[in-house]
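Consider the two complexes below, in which subunit A is the common component and subunit B and subunit C are the respective partners.
Now for the complex of A and B:
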């Protein structure tokens, strides 16, 4: 989980903050409320998650509960990867 | 008895027409130092009211109306016919500028088609399509966009757009608004006229415009008016019923699309009421009574209005400087809000 949070934080810093630090943002801080994630940013984040972790983000999963903080994103990726793994085993 | 929202949206149309006329004359004479106005006429209510206000303020001889059809948009033929007929009725000079050729030359269609073929390789330019945003009132879903198309055999297709795909299509389509504005400024330069912008308050506040496209203008005479108030002025200005009753469209995509489907989450009248309520800090209960909307829907509408207003800051932002240039900054924005003029 830690490596995921680190990756996601690095993506946010590089993509949305031009290399600036996201130190002020806690892992549970709302990226939307902080003005970091806007509607274009959500779509860019989805492309990053799909391209990096091999998951497919369904329309119905485009929710703040999945994507509005570093921790929420990391947990969402873990859940999606677990589903993928289970599907492969089955 | 009128509720508070109705009171806030009520307008003395005659007094407002006179006030806007006075402001337009002063802005042209004192701030812009121009001899007349160019208005792009779309056949919709906002540009028609703007044109009529300019004619009222300046006289028909000082207003040039531009009709700028293009072959691609669903409503373009109807828009041209309505615009021509209204321009005749106003008695102002008018010119038709077909923007299809400049759009083709700038690669608008080619770039759009290339973007669509990224996911539908068999896409043909005669397919009709539009971009459909997710419904901001449907639960807590974050905003996403789908491309909806009707292929050559009339079969419907749909897919979700990635950020890059969405931006590529929108960037290509924005050539339309920017080409129209380029032509407006050509004629304005030729005649030493100013360009009138046509956004109403809902569009101006919520960012329903293309930066340096329809968002560009020298003056915007109805940007302070809610859509309901624009309708009230339209009645007094004698705008033809067929224009007043026409559903506002984006006039951008080849599949028909209303503004409420493309950009606003509710029918325009309710959007107007909600924006006015937000502007005046009305309580949710008061707004719910006036609009008939459930409290949870209202909460989502207010959230959507606030988010779009925040996103619109970029559209209104002038170029940023590393430091102010005092000689230019001083007096560079006269006429900002002439409420008490």
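Now for the complex of A and C:
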């Protein structure tokens, strides 16, 4: 989980904060309320998650409960990877 | 329109004519037809003329026969014939046949400082009253014509454009960092401010009197909303149709050919149809030419609607095919004229269009600007209405989906869940009483650009509260208005004069000596609309409902039915060179050394934005706005304060 959170934080810093530090944002802080993500930004985030972690984000999963903080994103990716793993085993 | 400039100095007397000639020459683009300078002891006035009304007799500065009043005037007084008739009845002497400048002089001679309330038009006026030793500056109600001023020792210096002020040896251009940060947030400086330190802009609807005993500033006109709930829809639309037709009639007065900016939207189409009707009735229909912009990118191109409307009007538009590369190539030139940063590239095609207009020997164009502010056309008004609707039932899953309908031209919004829509649009019942409710999401999004500012500038801004400054500026009546009226007021007094009428209006049109006449900003129309309840202007989510009722028969069904689409142009893609990097000379503006030289931005953050743009076209509205803002600000600094740091 830690490495995931670190990667996601780095992606956010590079693409939405343009090198600025996200250290003021806790792992549970809302990325929308903090003015970091907008509607196009969420789609950029999804493209990053799909490209980096080999998962598919369904439209029905485009929810703040899955994607609106670094921790939520990390947990979501872990859950999706676990599902993928389970599907492969089956 | 024209360019005006001058100096008043009660201690040392006005400077010699040479300075005034230099100031006028700096604005030669505003008035290529003639130039005049006058020296009157305390004061000196200059004028560069774009001759439109009474070309033979309108030379300026103009004086009354007794020499007591002198004026340098930019703009048009559209009701000058009615005023002249009134004044002649009162025995005022006129020397010209139909020159509106002389009406300004005689109106002031007769009514004094109250004369401006009687004018229907667009103007920036500098009037010298020799008896009272008073220089009076006045600007039209909406800020169609620009007017800047500054104090240099005992001298007051004014000009249509800030660049002319910098000809004065005691006025050095320096960037106003606070104002640039306000522009970043609001897209316009706070009222009265400019991007330059110590350079003010006379606010729309205001006068400034400079006298030996001091300076007085007052507002002669104030937009006020007092809805009348007792009228039927039909009464409103009939009154609007008659008034709109009269507003067009007044704006057809010119001794030169007339043009129309036909965008393909409702507003300019209505203006074109009414102008055509009025001119045809006089057997003069061929006097009106149509000018349009077309783009390669289909999502912003409106040629389909332009063609339909042009066909209905029975004429072929002069269409400017604006290539993406041309927008990038002319950004710096456009900023030289706007004199403030931009957020969208849309000003550049209008800069190129005015050049085309001029090439076709036209120097006056009617436009549809102002209708969205006056009749509630912008998405922002719908957005505010919907956000309130959603906030009243925070648990609803269906209500937030309506927010998708606001921006059908933004594909990435269409896939978003109700929960995300709720969050993006800041739907919160706690905010319903916020005086800035309508504008909070926009301003919050804009503030995201602060991450590109240098750490020093960001630090300097922590001591400021621009929202409190804005709140203190608002009229007392603001708190009595409903959310829709408040939103209209903010749009009409901030973005309209500060961006739409300046950076996308006068400044890029007058760059090539073209006068724009925004018909919907006839103050009688604005006053009528201010008496309409919000539901008359926006019925459910039908924007400009009353305008469609009043004038829908004048336009093609396609124009009438099309969803509202703001005028847009291709954005960051216009700046890319063949290798995907930023094309020169724009690239030079964003090199770390250039960024450091001016000190406003963080070179590292800018480099990262460029890397992102290199990888793929920028999709986010904020990223595109950031690139245009940084490029145009750097271009502004390079043009006016090269080599100096803003710190």
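Here, the second predicted complex is superposed on the first by the 90 of 90 C-alpha atoms of A that agree within 3 Å, B and C clash if a C-alpha of one lies under 4 Å from a C-alpha of the other, contacts with A are read in each partner's own complex, and residues count from 1 in each chain.
Note that a contact is a pair of C-beta atoms (placed from the backbone, for glycine too) under 8 Å apart; a residue touches a chain by one contact, two chains touch by 3 or more.
These numbers were taken from a predicted model, which means no experiment stands behind them.
Engineer: Would subunit B and subunit C fit next to each other on subunit A once aligned, or clash?
Structural biologist: clash
Engineer: Looking at A:81 after the superposition, I want to know if it touches subunit B, subunit C, both of them or none. Which is it: first, second, both, neither?
Structural biologist: In the superposed model, A:81 contacts neither subunit B nor subunit C.
Engineer: For A:19, select first, second, both or neither according to whether it touches subunit B, subunit C, the two together, or no partner.
Structural biologist: second
Engineer: Is A:39 in contact with subunit B, with subunit C, with both, or with neither (first, second, both, neither)?
Structural biologist: both
Engineer: If we overlay the two complexes on their shared chain A, which of subunit B and subunit C does A:62 touch? Say first, second, both or neither.
Structural biologist: both
Engineer: Looking at subunit A, does subunit B or subunit C touch a larger number of its residues?
Structural biologist: Looking at subunit B versus subunit C, the one contacting more residues of subunit A is C.
Engineer: Please work out whether A:71 is in contact with subunit B alone, subunit C alone, both, or neither, and reply first, second, both or neither.
Structural biologist: After superposing on A, A:71 lies clear of both subunit B and subunit C.
Engineer: Give the one stretch of subunit C, out of 274-282, 454-462 or 634-642, that collides with subunit B after superposing.
Structural biologist: 274-282
Engineer: Quick check on my understanding: which residues of subunit A belong to both its subunit B contact set and its subunit C contact set?
Structural biologist: 35, 38-40, 42-44, 59-60, 62-65
Engineer: Of all residues in subunit B, which touch subunit A in the complex?
Structural biologist: The contact residues of subunit B facing subunit A are 134, 139-145, 160-164, 166-167, 307, 310-311.
Engineer: Within the complex, which stretch of subunit A touches subunit C?
Structural biologist: Subunit A reaches subunit C through residues 14-15, 17-20, 30, 32-33, 35-36, 38-44, 59-60, 62-65, 68.
Engineer: Inside the complex, what are the residues of subunit C that reach subunit A?
Structural biologist: That would be residues 410, 412-413, 415-417, 419-420, 423-424, 444-445, 447-448, 451-452, 602, 604-609, 612, 619-623 of subunit C.
Engineer: Can you list the subunit A residues touching subunit B in their complex?
Structural biologist: The contact residues of subunit A facing subunit B are 35, 38-40, 42-44, 46-47, 59-60, 62-65, 67.
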